[in-house]
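Each of the next two complexes has chain A plus one more chain, namely chain B in the first and chain C in the second.
On to the complex of A and B.
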């Protein structure tokens, strides 16, 4: 939404996919409130954010990568590694702040490594981040094969602490962190050189380089951003689960990619908005809530509905942006 | 060029085998018992059969500059359909045919999205990857369905001196190699991968070719799914073929087939799949926890990819200034 205000000069057609996502969100939510009593309450909306705050953060990072035309398959695994490092470090008696810093540094470092390999050795992002995914998951099990619970009081306070909003709606601190990440991402993408270069690389990498933009920095940078977001998302996830485990977030990367695509970002790069990705996460969250409200439906329907939504949005993208190869 | 691309995977495989022999001296031993061949290497082949088969299908898809993420889900669906049908009192043959025809339909669907609607392959197949496993879970109602059919069991666990599974995979590999390399088909597939538009203008039915490779990949995935489920006489919709698409893609890439499309090597794919399977087995034999295999897998993949990267090749070429004659003729514009 904020992107609308920030770049008023762009063609309104560019916003069509994002707006379509919001419309779908409103429709799915409308269906829910129509069918079930108590669905259209502020708390259900708030819970969409509470339950998906980590997904929002991951989707923000993924948006950066996809905007350059790359892809990051490692996000789920890096998030799992973050929960594991956080849990293990706290278990070993590290101060919480140090543990958090260690987690963020690991995630960003992994992102940096992957970015360097992708850029300097010309290996496809798909393969490099796939290897990163294996590496991160493997490292989890190297730390511990079992699930490690988090007992640190400050972590627990942060996890269980709630913020009361008017109308009896409560939020968690994770939501605030996630929203701060979204705002920061919007700022970086639309008001900094780095952000402009990211869009330019997605449009055409060689043109961007010929224009003298710092493509290397941006190309490696997006994987660092994604690594950082994965680590932060992992921390939020560890607040949500209060444990570290190597099998946390299996397949999460697919949910994240689905959210970004549903949010109207083109996988070819160069076009898309963070706000769209947030909307994409909200759509996925609503679908999940709907299915749990229904009660009789098997939770596997979530997967199927996500698949169908993905398809619908890709078809829409094809209609809207015919001019792209 | 292709020959030298096969060098590093070959070195990796040899190193793994040497490591295994060093740890377990009896590693390469083979013995015949009840007319079956037994030994660690045979186990590697048997466990690697589904990956080899899926990787063969994947190779052709990748050669057209595509990718198929849905193969794992398709494998799970094939196993689920076959087991559900047999558990309901059907015959094994009908079950297999039924499962494979559904796989062909799924392949047609993927091919339709990619070739007719022109959707990016990663996303087009992501749809089925996400929805497919959900569908398989619905089919089995979240249960692990066990079956008792000796005929069905043969596919994955049977022996004709060698395990039947690996014989199927190798037969498919050889058939594909003959079909694509002895006819113009292979060159047409590579042409589509280099430039679909140009090849269409040159009179190649690129749409039909793309469609065919996705159907073939789905069919391979289906057979692999039957192998996996028949090996344990059960369909586990949740775990069957989980991450096998990643293994298959890795096998293809390690084998020197570029994800940018336009050239492929079936021998390389076989080698790549063997490297991955041997690596997994090696880690088990050394006694590292099974889940840590992933770390080794990541390291090998990165090492092989870096060694194969054009940049590294350039650096190496500067060192030794002996221009080698490339013996292979149809070297199409490398990406």
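On to the complex of A and C.
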């Protein structure tokens, strides 16, 4: 269609927040390469993905929820529960595949439960997922109060196995899984009716309902997607840590929300892209890497920088929205 | 539909109504606000489930529990307030839920092409890939109609599709309706404009207070009979508002003087003065800058040039807060988004403004609040006359009255009414016009904006005419007539371009 050519100013406007995130990513990375020798190497970029693959997966799930105008506070706790279930199941001698399925089923099931409560009782997602967070966190300690290490050989192989890329750069399998999730999410959001309904609900839920869209399914569905992504993110995290522990990922939900918002997704729903959320995670990762390269700074500086970035991005979003005719 | 009743907690919205709709006809559903028109439509389209009664579609009994089911059965609806998702593109809004697919995914190109075809069918030339929010409400309404055409509908329900369209667009809509009628589509049409109903409808059904009054042929029922069937009372109130021009104090102090006030892209610089006790009408076609002018006066949008003198103080308008402090009230056009708080009760909505005027430190005594609320409910005939009724359960006209009352409570010196009667019935309209006349008689200055010329002409002492975002004329005295205003509009006829852009 020639429609894209008709209004050349429209596309940049719509993608402005996402592009801004990429610009910030490039700038922070540029600052790092300028200040520190060895920063601008392929491996540092690869490590951004390696160290944050679980965050990417969680951010993808959170993007679905936030696009409908909801929020999911349970993701960190569900991820921790996933590490715990995986570790405990493997410890009990379950075959790895069964353990993985059990984890994914638990996460998706929790998401389904929260989605049903949110939709049918018409309760704020904030409260329901807060309850879900406490529930999942509590369940972790029901399984064990101690950290459970993962000794299963196939899990260890998966965790330590690397893929060599040209230029001596290595990636882990977790990165591949995360990227596959991202691609699947882009497909679902932009090329399926479920995905378009998610955007429609974020735009106006009552309109979407009157248009005859399957809003119930989509609204419950996003929490299932988020639950599934939390479980999968938890699995990746257990690969990263090679242990299950009830205190894994404390406050991770807030990092995830920050990444999604920095990625340009409106908290009010209806506008945003998965690619933005990935960029948001990369920005957070770069800031963290910068601070570890600096060496003398406390790691809490990461939080300060994230706070500043978050504020800046929310201000930017307001400006973009206001400038719209 | 036979014996349809719909009950909400505490309210019986429809009782035992029969309704039939034949293929290849335009059937007008008439009634005052709160008569149950919208409820009947929602029962037909699966939004509300009827408590009793049955619906037959093409001879078969059907029950819908969700809007999607009714659509699948071939019943397509365009609602009164535009119900689309403004964050999505025009094409997506038209095709949402039935996008063409290719290779397991939605085919964006085919979606846009198909949407472009439907837009072309209703004669709208906009980019299907553009975001819906970038178009004015009238265009959004046409997009909603294009959406309704996207399904091969047997039944097309148009709930007040014309309330935000101008004359030419209404003609266009009627042309489409005639084409569809000839194709055998059954069209249910709701409108408050009697002229339109008589122009297009083949049959009419009148509802009042949730009950069926009767089914008529337009040829058998005169307008006056129709109106009295809808109102269930004599037409006295309709004639109460006379053209009022003589009993005026032309030398009264101007409440507001705008000189050279303007904003790039919204409205060219204009001069305007409004005196106490006078009703100034603002006439103009859709997109002529009526609302933009009002928003500048109120300070809701910032002016680029010019000064505004309110009560002798000059300056650039600073914002709604200072405007309110100076005694200007602005009753907005878009009551759904900018006016009412839908989840609160009528009383809470009324008290809001009162409290804001007093400041937070001095709570409104309960007894004062009760008295004031009761006074305005009676004065404006708000129905149901129950201060505890939730706003969202009121009909459009009654919500509008509450909104008006909310501003009146603050006793403004200048009241700006932007389309106060849009989408409401004759009875409520007459009441609002009468209230406006009474307010002016008490010394309030009123700026009255309406798309309906007859109405502007009837209530105003002076009429300011806008065209293409420019003030082109100011009519006073005997010049104030529908014909005269029309001739000013008509001079060069160039507004269609502005609407479609």
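Going forward, the second predicted complex is superposed on the first by the 311 of 325 C-alpha atoms of A that agree within 3 Å, B and C clash if a C-alpha of one lies under 4 Å from a C-alpha of the other, contacts with A are read in each partner's own complex, and residues count from 1 in each chain.
What we mean here is this: a residue touches a chain if its C-beta (ideal position, glycine included) is under 8 Å from a C-beta of that chain, and two chains touch if they have at least 3 such contacts.
Remember, predicted model here, so these are calculated numbers, not experimental data.
Using the contact criterion defined above for the overlaid structures, shared-chain residue A:139 touches chain B, although it does not reach chain C. Of the two partners chain B and chain C, it is B that touches the larger number of chain A residues. Of the two partner chains placed by superposition, A:154 touches none, neither chain B nor chain C.
When the two complexes are overlaid on their common chain A, residue A:199 makes contact with chain C while staying clear of chain B. After overlaying the two complexes on the shared chain, residue contacts for A:307 are found with chain B alone; chain C is out of touch. Within the superposed three-chain model, A:121 lies in touch with chain B and out of touch with chain C [touch as defined at top].
Once the two complexes are laid over each other on the shared chain, residue contacts for A:191 go to chain C alone; chain B is not touched.
For chain C in complex with chain A, the touching residues are 47, 66-72, 77, 79, 83-88, 92, 96-97, 99, 104-106, 108-109, 112-113, 127-131, 133-134, 147.
If you check the complex, the residues on chain B that touch chain A are 67, 113, 117-120, 122-124, 126-135, 137-138, 141-142, 246, 249-250, 253, 259-260, 289, 291-299, 301-302, 305-306, 309-312. Of all residues in chain A, only 1, 3-4, 6-7, 10, 14, 187, 190-193, 196-197, 199-200, 202-204, 206-214, 270-271, 324-325 touch chain C in the complex they form. Residue ranges on chain A touching chain B, taken from their complex, read 71, 117, 120-124, 126-128, 130-135, 137-142, 145, 246, 254, 257-258, 261, 267-268, 298, 300-304, 306-308, 310-311, 314-315, 318.
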